[in-house]
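Have a look at the structure below before the remarks.
Order of writing sets the labels: A, B, C and D. Residues in every chain begin at 1.
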Amino acid sequence: MKKFMNTAETMVAESVEGFVRAHEAFVVFGPERKCIRRRHLTLGKVALISGGGAGHEPMHIGFVGHGMLDAACVGHIFTSPTPSQIITAIEEADTGAGCLLVVKNYDGDLMNFEMAIEMAGDHHSLDMVVVSDDIETSRTGEGRGRRGVAGTLIVEKILGAAAERGMPLAELKQLGEGLNTRIRSMGVALNGGTVPQTERMTFALGPDEMEMGVGIHGEPGHARQPFTTSDAIIGHLCETIAGDIAAAPGTKALLFVNGLGGTPPAELYLSYNSARRFIEEKAIPVERSLVGTYVTSLDMQGLSVTLALLTDEEIVLWDAPVATAALHWGGIP
Amino acid sequence: MKKFMNTAETMVAESVEGFVRAHEAFVVFGPERKCIRRRHLTLGKVALISGGGAGHEPMHIGFVGHGMLDAACVGHIFTSPTPSQIITAIEEADTGAGCLLVVKNYDGDLMNFEMAIEMAGDHHSLDMVVVSDDIETSRTGEGRGRRGVAGTLIVEKILGAAAERGMPLAELKQLGEGLNTRIRSMGVALNGGTVPQTERMTFALGPDEMEMGVGIHGEPGHARQPFTTSDAIIGHLCETIAGDIAAAPGTKALLFVNGLGGTPPAELYLSYNSARRFIEEKAIPVERSLVGTYVTSLDMQGLSVTLALLTDEEIVLWDAPVATAALHWGGIP
Amino acid sequence: MTFTTEDLQRLVAAIAEDIAAARDQLCELDGAIGDGDHGLAMDAGCQAAAKAVGELDAEIAPTAAFNVAAKAFLNAVGASSGPLYATAFMRAGAAAKDKQVLSDDDFLRVFAAMAQGIQERGKAEPGEKTMVDAWKPAADAALDAWQSGKPLPQCFEAAERAARAGCEATSSMMAAKGRASRLGDRVIGHIDPGAASALIIIAAMAKFAQHHDG
Amino acid sequence: MTFTTEDLQRLVAAIAEDIAAARDQLCELDGAIGDGDHGLAMDAGCQAAAKAVGELDAEIAPTAAFNVAAKAFLNAVGASSGPLYATAFMRAGAAAKDKQVLSDDDFLRVFAAMAQGIQERGKAEPGEKTMVDAWKPAADAALDAWQSGKPLPQCFEAAERAARAGCEATSSMMAAKGRASRLGDRVIGHIDPGAASALIIIAAMAKFAQHHDG
């Protein structure tokens, strides 16, 4: 295993420290480094908080900043942060209007966030939005439903903009839940990621194999298939995600191609080109686009395609200025 | 070889098309797709133009936009664009104040840009800045000097901001040349990149090897060494680059950790953390930072560290608003 | 029999010891149908709980000891098992409320409350291939035995037997909760790691009830 | 002898044919000390030049034919060899200016101008392990032979001999220009790919001079 690290034990802490130092202009550690928050909070705005396991960088810490998250917590690799971390984030970020917690749909994350809400709920107005955009797990028709993956970025961006405009907690939750029903993602891996602690790949693929329907924790997908052209791969992903949400009249598509960690920008843009063609062939107008490495699974080679069907109001919120480490736009003439 | 592509022949064209479609809000193709330029040009501003081989994405097309480049040309993989492409970019981007061409220091690039200047020079005011920040090739003490690598981003950002403020051509050239003397980079690879045409790795490393001093075209570096901790690797890079430029009193450091294509953000931030420590131990104050995958060598696993010693004026230009696909900041309160 | 905080300190230490011994085996089970960290998570949580409870003044009430265990477990573990066992300990604390010493009856109610807490936190039903498949039948068996007049050690014998059967039964179940729920029928033939660690904890409690003569 | 545009069309086609046959070998040489594309670049450039020149009306002047070759080569190739050979053809065009037919003397001056153009574009001196190590001695040898009264075919024989010697000599040189200049003494023992393709072109010109009887 070749990774830029010193020890497996300190890897997450060192990486997060590097993040905070690189972006010290606008982020700071919370007490005992239990969370990361904006350097300057806005009084009276609902605080948007998220968190999850390490190994998905830049998510979520890369989304802390104006127009998006107020604070984020990082757990061990692929492991939810603890309630104590989440409570610290709540205490740090709540400026009076309460906090909305954005949680990806995994039992571990859900239970830790739920406990944090129970334990801190007496002193803060708190609520939670659960993101479950991954197509794959809807297939099994069981469990707590679909996993939360790259679509989480879209929920956090749009809710972040709405919170910035003063939307109250209950409305934010409603906005997030509505949005979640109109986002679908699906991933493909050309190679597993390597977990530093075990020095093992989450799964190993042959030189001509790929894994279809992977999540972001190295879970195997629904099928191992022979590797093929990007048109065939992306075509299948688009077919599946577009088939799973009905394009309501008037909604506009945001198309998001996300790298899983080890895939270079040129391949992501090429894949976006395929995806754009396939989605438009379905008469779904692509009005907004995002291409890049935002929601990763360590160094996994692969990508996910996310389709979000947005209302006009949500498009406006998507376009609103954002100034985080990973997403930054707007505000320039 | 597993890459997201359809055919090796069409890979670059499809990827660039994906880029333009994803960012159609502010970039367009020039005639015959010979270049990519800003959708809206500023009349009377010196046009900043760059270009180089494909395989380094997001450089340079990802730097086209307000506050940075006006146009960029993409060649075949690791191959300079042709004079005809460059002349098209000049014709497209020159709005009356002339063009400054930013060229990375390779014989092929230099000759193609020089020919373009000769061929178009009668109708346009043209000049050139050559970037040569790579530490490695200064070692041989021969040839046309150091290679141009990740430091090119810094030159393009600062010149872009200066051009936006109306700096005339001759002064821009002078600014760029001064800057170039104060930027040094050095790269390390954990694995070679795979060239789509040949399906071969530019070099293959064993599971415990790394290649020190690599460039961005898969050239071997100056030594193959046993893989080690990030502190040891980054320490060596920092030692070498900091040893090669004298920190003049009053200059401030910009520290830039750049991923070469296959290295995930978490490892880049961890490496930045090491680098920040080493540079500060040398009593060089790090005032600005950049961490990310900006100047790549296909899917190569590895990174480079760049140290730039900037004047106060250059820091102001670095901070100035920029709105491109790859770099975006400023303008938000 | 009665149970003091000092007894509980010994009990939690005994649990931690048995879990530590099974750490690698639990990781292996989790590796097959989860993410391979269950042994690490349980070990970290139990060690933290044992340490925190062990450091308490013996005069402190059992309810407080359980709450300390809950908090320690929770802070040590971010995995699913963190909130599940933290909730178990918190409910144990609630069941032991206002007592300085626990009677056999109290102790059984503590046990049942732990099972109840796990189920409420995880919202899992028996048959969904989770630790609930060990905890729920164990708690039911212990209460049944108690109601039919059995002494505490025998109640816990029944609990351990039910937990073992429940744990083994998970092997043939499809998973409807936790990471394993995403694997479809690939999980068939594998025992649920959470049920396996639950059995270890319940067995440690049974042994404790057996040898305890407060 | 005299050379018409039609002759030049045949010459460029012959060069393109010989380069095409050596494509893989040139890539291999470039793979050892460069980026492995020299055969592709030269092939693409020569094919483009041959095609563009071949499509010209035979009445057009040689200078225009050379300029067309230059442009075609340049547009086809972004590598170092693009500007180098495009400049060679442009200088050839300048040397042939205002002539409708080239004399032997003109043809030699065209040849020397090509070598000169390559050297000026690349700023390489002999001994720096580039195509200049073939072109410069070849041009010098041809001019020497011409000045001592040799007929054109013999001048080109001398040129080919000098190019071959120069090409072989690159094997023991360190590189001071081009990609190979970054490899230090790793390049010793390898022939420069640009010198190898230069030899092929010069040899094709010699053969042409040999068999030409205009």
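Please note the rule applied: a residue touches a chain if its C-beta (ideal position, glycine included) is under 8 Å from a C-beta of that chain, and two chains touch if they have at least 3 such contacts.
Model, not experiment: these values are computed from the prediction.
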item	value
Farthest chain relative to chain A (centres taken as mean CA coordinates)	D
Gap in Å, rounded to a whole number, between the CA centres of chain D and chain A	57
Chain centre separation (chain A, chain B; CA means) in Å	29
Chain A and chain C, separation of their C-alpha mean positions in angstrom	33
Sites on chain C at which at least two other chains make contact	none
In contact (per the touch rule at the top): chain pairs	A-B, A-C, B-D
Residues of chain B defined as touching chain D within the complex	53, 75-76, 78-85, 106-108, 111-112, 114-115, 136-137, 140, 142-144, 147, 198, 215, 217-220, 222
Partner chain A, residues of chain B touching it in the complex	1-7, 11-12, 14-19, 21-23, 54-55, 57-58, 62, 66-67, 190-191, 207-208, 210, 227, 229-231, 233-234, 261-274, 276, 289-291, 293, 296, 298-299, 301, 303, 321, 323, 328-333
Complex contact set, residues of chain C against chain A	35-37, 41, 74-80, 82-84, 86-87, 121-123, 174-179, 181-184, 186
